[in-house]
Amino acid sequence: MVLDLLLAASLLLTAWRSLYANDPLQAVGLFVAYGLLLALAWARLDALDVALAEAGIGAGLTGALLLGASRHAADRSFSDRIASPMMRAFLAAGALSLTSIVALALWSLRKPRGPGIAPLVSAKLSESGVKHPVTSVLLNFRSWDTLLEIGVLVVAAFSILALRLARSPPRKYDPMLAALVRVMVPILGVCGGYLLWAGSHRPGGAFQAGALLGAAGVLLQLAGYDLLADSARRGFRALLVVGFGTFLCVGIGVSTLGHQILEYPPTQAGSLIFWIELVATISIAVTLNLLYAASGSGAT
Amino acid sequence: MSGALPILIGGPFAAAMVSFLFTGAIGRALSVLLATASAVAALATSIEVMRSGVQIHALAGWGAPLGIELRIDGLAMLMLLLTAGISLAVTTFAAGYLKGDAQPHFWPLWYFLWGALNTVFLVSDIFSLYVCLELITLAAVGGTALSGDRIALSASLRYLMSAIMGSLAYLLGVAMIYAQVGTLDLTQLSGRLGSSWSSGAALSLVTAGLAMKTALFPLHFWLPAAHSLAPAPISAALSAMVVKASFYVLLRFWFQLSEPTSNQLAAHLLGALGMAAVLWGSVQAALQERLKLVVAYSTVAQIGYLFFIFPLFGGALAAGRSEWAQEAWKGGIILILAHAVAKSAMFLVSGALLQTFGSDRISDLKGAAVRAPLTLAAWGIAGISLIGLPPSGGFIAKWLLLTTAIRQEYWLYVAVLLLGGLLASVYVFRVLWHSFLTPEEMPSVSRIPGSMSISILALTVVLLLMGLRPAIPLEFTLIGIPLPAGDLR
Amino acid sequence: MNWNFWLPIFLPLSSLVTALLILVIRENQHRLRTFVNLLGATLKIVMVAVVGYGVYTQHAYEARMPLSLTLDLVLRVDDISLLFLALSSTLWFLTTIFAVGYLEGSPHQSRFFCFFSLCMTATMGISLAGNLITFLIFYEMLTLATYPLIVHRGTEKALRAGRIYLAYTLVGGAVTLAGTAWIHTLVGPTQFAHGGVLAPLAPTHRHQLQAIFTLMIVGLGVKAALFPLHGWLPTAMVAPAPVSALLHAVAVVKAGVFGIVRLIYDVFGVKFAVSLGVLAPLSWLAGFTIVYGSIRALFQHDLKRRLAYSTVSQLSYIVLGAAVFGASGTIGALAHLVHQGLMKITLFFCAGILGETWGIHGVDELSGIGRRMPLTMGAFTIAAFGMIGTPPMAGFVSKWYLGLGGVRAGDYWVLAVLIASSVLNCAYFLPIIHDAWFGKSRQDSVALPQRRSLVVPAAETSLPLLLPALVTAFMSLTAGLFAGSHFSPLGAARLITERMYAP
Amino acid sequence: MNGAILLVSALIPLVLAITGLLNGARVAMDRITPWAPLPALLTALIAPSLQVSMPSLLFGAEFDLDALGRVFLGLSAVLWLAAGHFSCGYFENRKSERRHRFFFLLTMSGNLGLTVAADAVTFYSFFALMTFSAYPLVIHDGTENSRRAGRSYLRLAILGEMLLLSGLLLATSQAGSTEFSALPKAIALAPNRNTIIALLLAGFGVKAGLVPLHAWLPLAHPAAPAPASAVLSGTMIKAGVLGWLRVLPLGDLESSTWSGILLASGIFMNLYGAICGFVQVRPKEALAYSSVSQMGYLTLAAGLALEPDGVAPAAIAACAAYTVHHGIAKAALFLGVGALSHADGPRVRVLLLTGSLYCGLSLAGFPLTTGAYAKWLLKSIPAGKTWNAWASPLLLVTSIATAFLVARIIMLLVRLQPDQVKHAYGFPLAMRLLPAWGSLVLLGVLGPWLLPIALRSAGLHVTSFSALEHIGGGAALVLWTTPLLYIGRRLWLRTAAQPAIPPGDLLTFVGSKLERLTPISKFLAVFTPWKKPFSRFTQIRTEGLIKAVVRMEEAQTRWDFGMIALALTWTTLWVFLHWRTG
Amino acid sequence: MTAQYSVYALAGGLLVGFAFHALAIHTHVLKRILAWNTLGSAAFLVFGAIARRNTGAPDPVPHAIVITGIVVAISSTALALALARRIDEENKK
């Protein structure tokens, strides 16, 4: 119980420091720390999948993106605020009202009001084709949300490509980095594969695996591989789209056989889910790399 | 399971994929084919809904609380038909406007936006609504940023920020609702929200979030820049449908989740903000120099009208007169349709004028009535619908809202309904005046490509049809009308 | 195909089809466009005649199209609408001929004639409207159809006039919409029926009904050019002559006045309106407008502006007649509805001819023109004397019945107003006629075109311009001379009033 | 069919006027126009008493050739015939004659039409036609003087028309129909009969030259060319009297106030006209004033007709007789003046002067003239004791005044110099003008015997003329006038450049006062100066407002405003939602 | 178990307040993106706390929701950063 209190306090402290830091680098660093602490909190809340995702994507990749961007935001206006004091007072009052509304509502929701959907999930888990409840919810019960979510990723990728960003100049060769990359990339690949496989029965899954593979890609980019250059090639574009495409085809294809949309036939549910997860992971990894490449990774 | 629904949902997304992968002529043709297939599917489903009332499809085969359900009632069907119609028009317009593949990135984003819009009207699960809204926002922001110059980019960034701020508030609201009731499905939530600290907080956060995304009066700061600087087809879709999507979600929340008779005071707050929006938007529109800014501020004004539904519908139910409520509901929905069609036509017209006249400043439009008569006629007819003059859909909507307001003795709403029409006529006819002016030397200007004028005229014809034969859409609105006495039809 | 249903629809449809056809015809196909125009006009007159005979033999024509669950679009031919139909269709036929002659060689003719026929569709709709909502729909369409006609020339002045016109008429339209909606909420869809439909509401909604009546009068008053709302009429004079002829004699102003007549007789019912006490203030307003219009006309130097102000005052005759309770007041109002149309359109035709052939716009440039254009000025004189109310002409007939109505209703000030306005009419028409016939002609030096025919002197204008003016002058003379017969406007007005005041 | 003759006789001149407009028919018209009134004369003389109604014409037009109508129709036809012939030779060139002829025919048609009209509306129509088409006759020679006369003629004519219209309207609203048979009785019973009678009297009074309203007569008659002024004085002002006789409730009124008023105004008119005429310097003005004074007699007769005790038929007969007498005499005098101004040979002048003298004497009522007979008829109206007592002295005094005026006129005629008018037709002018003038004088001479026969054949029973009674009455008149004329001869012989009372006395006096009063347009001009700053003021206000609005909008687009608005929205919503539940 | 819920729920609420205040106060784009990421993660924390209210195994649905939320957050952050970088490029030009 004490650990939770300590964790919550440290969370608040790091968030507060990062939000009001004057120097961009310091702010991003603290933000990454805050992300990791948050992953710890999720672990405490017995949400291992989420912890992994938070650590991989929330802290890791977002942190990387922000680091890349923060080098550009070197100018001093980083921390200046709204000029007139009266405005600041209003905004403080607004923030206070938001906090009080949320806190009050959460306080009144202390005691759970009813069983909720959890027992239903555990009852139907056997038919879902996977054993891990979170993956079953993600890829079967609420597969529609996941489909749209991958869609969001793809749209983000499309928008970024549409911005036609200028490519950053090539990096000079750094031996240390090269050595690190040669070691880390295979490890990350294996871990990603394991996570993907574990997803069906233990915490893990497409997004977490994708995050790891993404991290490997980021390392490669840091080592000089210029992803934006060959983003125009059709192969890359196919990889980008294949995840969303197959998920959609499976969803629609199944409905033509007399089932509802996205309703996997019970027997092949497990294998279908696995194939979808595999392809999704690849797409997610490629998209995350593209996101990193676009948001100012390289440059001086 | 009806065969039309998957095509309706999958069509645009597939088209997006295809147009992203194959940027050549075949790719474009195939994607247009897929898109039209989805529009036809929308028509098929509407006939089915017409015949057999509200349709419910459980996605992935699981029941309501566990899985996600698609619920298509009259309102949803109308919005789907609207999306199909306007998107078709915008697609044909864009084909001419973008002159071949000058903008390859436009098409994937555009089809994704179309697909996302379809989903938001179908799904009846509050969290998947959040994801749909996010999908729409990202696609819209991507589209707005297409025009490439600095101001457009900062406008789209500001749009992205405010949209995401709205979604986060909505998400907090969803969290509280889920915590209190335990399910995420709208139909199951209706009436079970009760009245406690958490339900009040949830509803206020959701309403505030969605009001931000619908650009209700005080929260409209991001709309004019974003809608006016986006390329014409995108801004048409933005004003006509994207803004309506978040309003549709708000309608669902307000009338299906909580019982409307109880929160009269809040409804009147929304009504008051709506009134302020009508007056402020119209005044601003009259002062603008650039055509697209005029149309953008007119959107801010017309959205104000939409928010009249809350006090009028709620008030009628509170007074126990369900036929008054019915009239308010019909008026509101026809207004959504009429405004969507009129506004998209107006944006397409301003796009066409921008292209042929080189600039969309109103003062440079001299002699436009002679060089581009059909386009100006379309602007006129769309303007008539905004003002609410008879031969158009806008008139029917204003008439229904007026009669309900008079019956419930809300004289302020009556006054604003009338005054709004007059203020709208100022900025609509201001453009016509300038275009009728014959300059000394007539600018030799290229003719507007066929596909663009066809799409504009198609929209105006729809407007006039809605004005002359509103019986069909009115019939639709009654299916699944959220009256306490169940389905009135 | 039962004719009772389709004929009322064909009437507005004929000019709508003409409008669409003209849109299709290219700008330079003058002959084809004129043919289409005239075909549409003649078709309409034939149909009006058939319908007229039908109504005469107690035949009911009605077309009902559902607009929405509670609202439906009703086009119905009853006796009052027949009066307005006959007037507008004949005058439109003549105005088309005049317009073809007038716009010879000027640009944008197809746009002009398209909106010209659209305007006619709206007028047909207004006269055929069976209930208030249909009337409102066509009333607003009329505003939109006439706007492009006013700004046809595209000059800054024309646009300013257009702006003012729109400002007035749109406000009027909005107020009428409010009134109609309010009535709709009280009584549901209101069908026009002699004796009115609002009587049963009297005890409970007295003040509401008074408020509604005021709203409707303000809304309709804009187009009927009642005193405070008449500002747009004189400024709209900048439009080309056929438009001002159409606007001021046939379509727009008549729509307003026709609306007021419908409102008083068919929505409120004249007895109920009197008991509400709303007719007296209306008659005072109309009286004041009559005198005000005439006084303002006195000081106008531009011919068409003077005619415009005279229209303002003449229109209020009709409103005065309708507002004065009594059979002869109504007869006077209905008859003047037609007579004013005939006389005023002649004046505008002549003003147009003068403007077009010799470029005369000012009142003081007219001296001696009578000798060089005797036929035009002859028509002008007949119409002017009609306006003043000298007996053989039509104006006298309606002034006589209005006076009679006023005296019988006991308010003698009506007679005083009529006399005062006749004197004022003399004051601003007779100097024009005097200068024209007896003034020294200034432009003798201008070479006269050399064609001499038996009837038409040399300096006269081209036939398509002259003929309509002469025909309308002749009609206003015969309408007055043979007022007693059944087929004259007065006869029709008497017939209608009998049916209206029958128990 | 026979009814149609009535209408045809009235409308032939109208038809001829219109055909005159055609270019080709001009020459043919020169010969036909003088004979235009012939059909009307024939109907008056031989046609049986006709009654015709045309329902579709105006509001159901009625035509009736009754006794009174026949007399007036006959008189008008004769005079129009004479004037028509006279005008053939009178004008200096063909063009002005044609213009004159068009309006001459129109007025003739109006005049003939109103005599036979039997309902108020038809009567009023012809009356208006006559009045308005007479205006061009008055301003025919286009000088500034005739324009001014025309303006005053028109103003007063319009005033008369309007008064008449309101009177007729009020009467018809009481009577329910417009026939003349019903109107008098309805007016008698009407509660507001005094106003109706006043309006009708004034309406017709303008035309008949009732004193305050007579001011146009002395201006218009001299300005008009001779044939026009002859007809003006001869028959057109008589239309006013006919109107009175048709419309006023003769004999049905209880109180005799109205007849008293008319009697007094008749006498006053007579004396006032004579005095004004006496001081004039030009013969035409003097003649015009003599018309005004003679109309006094007719007003007198009308007043007597209004007496309550049923003396109307006698009074009407006397009035008709006097109208015929005055018509012929005055027309002859006017034509004489016209002829004199053209007469070149001395012999012709002497003939014209003697003729004019005879007519003058007849006007004054010397024995053995129609004037004497007509005055005798007036005297013999049995209208109660007051009239019998006062009749002869009054008539004597008025006759003396008229005699003085006649003497003045004859003197002016003698002094009249013929203005040099070249002859359009190449043969001596007098030859063309004399026959028309001569026939009128001859009618005058035969008057005393012809008049009673004509009146009785028309249906008015009237005692025939017998030389005996007249000698006595006439002798008294002669005895009185000759010495007075001799005493006052310096008065009527003197010459003066400017008349003491300018023609159109009242009107010119009132008119000049009006001119000085700032016209209304100047009055409006007062308002325009400060219109400019007011619009300037509103413009500044609106610009300020627009700037403020634009500034507010800019402020709003800033991000923080958006956030405050968002916070504000959810807090107020939360408060409102909880207001009810909390 | 409710104690753990209340701790994290309270932390989430406070974090939401902090993040909104920072988001509103600061003008720099990067600071705003940072703030709204924190706000998102705070909202997900609230979801997590809600999932943990009952004693047994945590409710998987909020977890799925949070994972989806995180992915949406990163895509919008990436888009925002790309836009910011593009704007910088335009400014330099």
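Observations on the model:
Which chain is which? They are A, B, C, D and E, in the order written, and residues in each are numbered from 1.
Going forward, a residue touches a chain if its C-beta (ideal position, glycine included) is under 8 Å from a C-beta of that chain, and two chains touch if they have at least 3 such contacts.
Nothing here was measured: the structure is a model prediction, and the numbers come from that model.
Shared contact partners of chain B and chain D, listed by label: A, C, E.
Central chain by Cα centroid: C, whose mean Cα position is closest to the mean of all protein Cα atoms. Greatest Cα centroid separation from chain A: this falls to D. Among the inter-chain contacts, the highest number of C-beta pairs connects A-E. Averaged C-alpha coordinates give centres for chain A and chain D that are 108 Å from one another. Our note on geometry: chain D versus chain E, Cα centroid distance of 103 Å, whole angstroms. A separation of 37 Å divides the Cα centre of chain C from that of chain D. Chain geometry summary: the mean Cα position of chain B and that of chain C are 43 Å apart. Within chain A, residues 82, 91, 94-95, 98, 101-102, 106-107, 109, 116-117, 121, 142, 145, 149, 152, 155-156, 159, 163 each touch two or more of the remaining chains. The set of chain B residues touching two or more other chains comprises 127, 131, 134, 138, 141-142, 145, 161, 165, 172, 179, 196-197, 200-201, 204-205. The list of touching chain pairs reads A-B, A-D, A-E, B-C, B-D, B-E, C-D, D-E. Interface residues of chain B, counted against chain E in their complex, comprise 127, 131, 134, 137-138, 141-142, 145, 149-150, 153-154, 156-157, 160-161, 164-165, 168, 171-172, 175, 178-179, 184. Partner chain A is touched in their complex by these residues of chain E: 2-22, 24-31, 33-35, 37-38, 41-42, 44-46, 48-54, 56-61, 63-68, 70-79, 81-86, 88-89. By the touch rule above, chain D contacts chain B in their complex via residues 546, 549-550, 553, 556-559, 561-563, 565-566, 568-574, 576-581.
By the touch criterion given at the top, residues 82, 87, 90-91, 93-95, 97-98, 101 of chain A touch chain D in their complex. Only residues 21-24, 54-61, 121, 124-125, 128-129, 132, 136, 139, 142, 154, 158-159, 161-162, 165-166, 169-170, 172-173, 520-521, 524 of chain D touch chain C when the two sit together in their complex.
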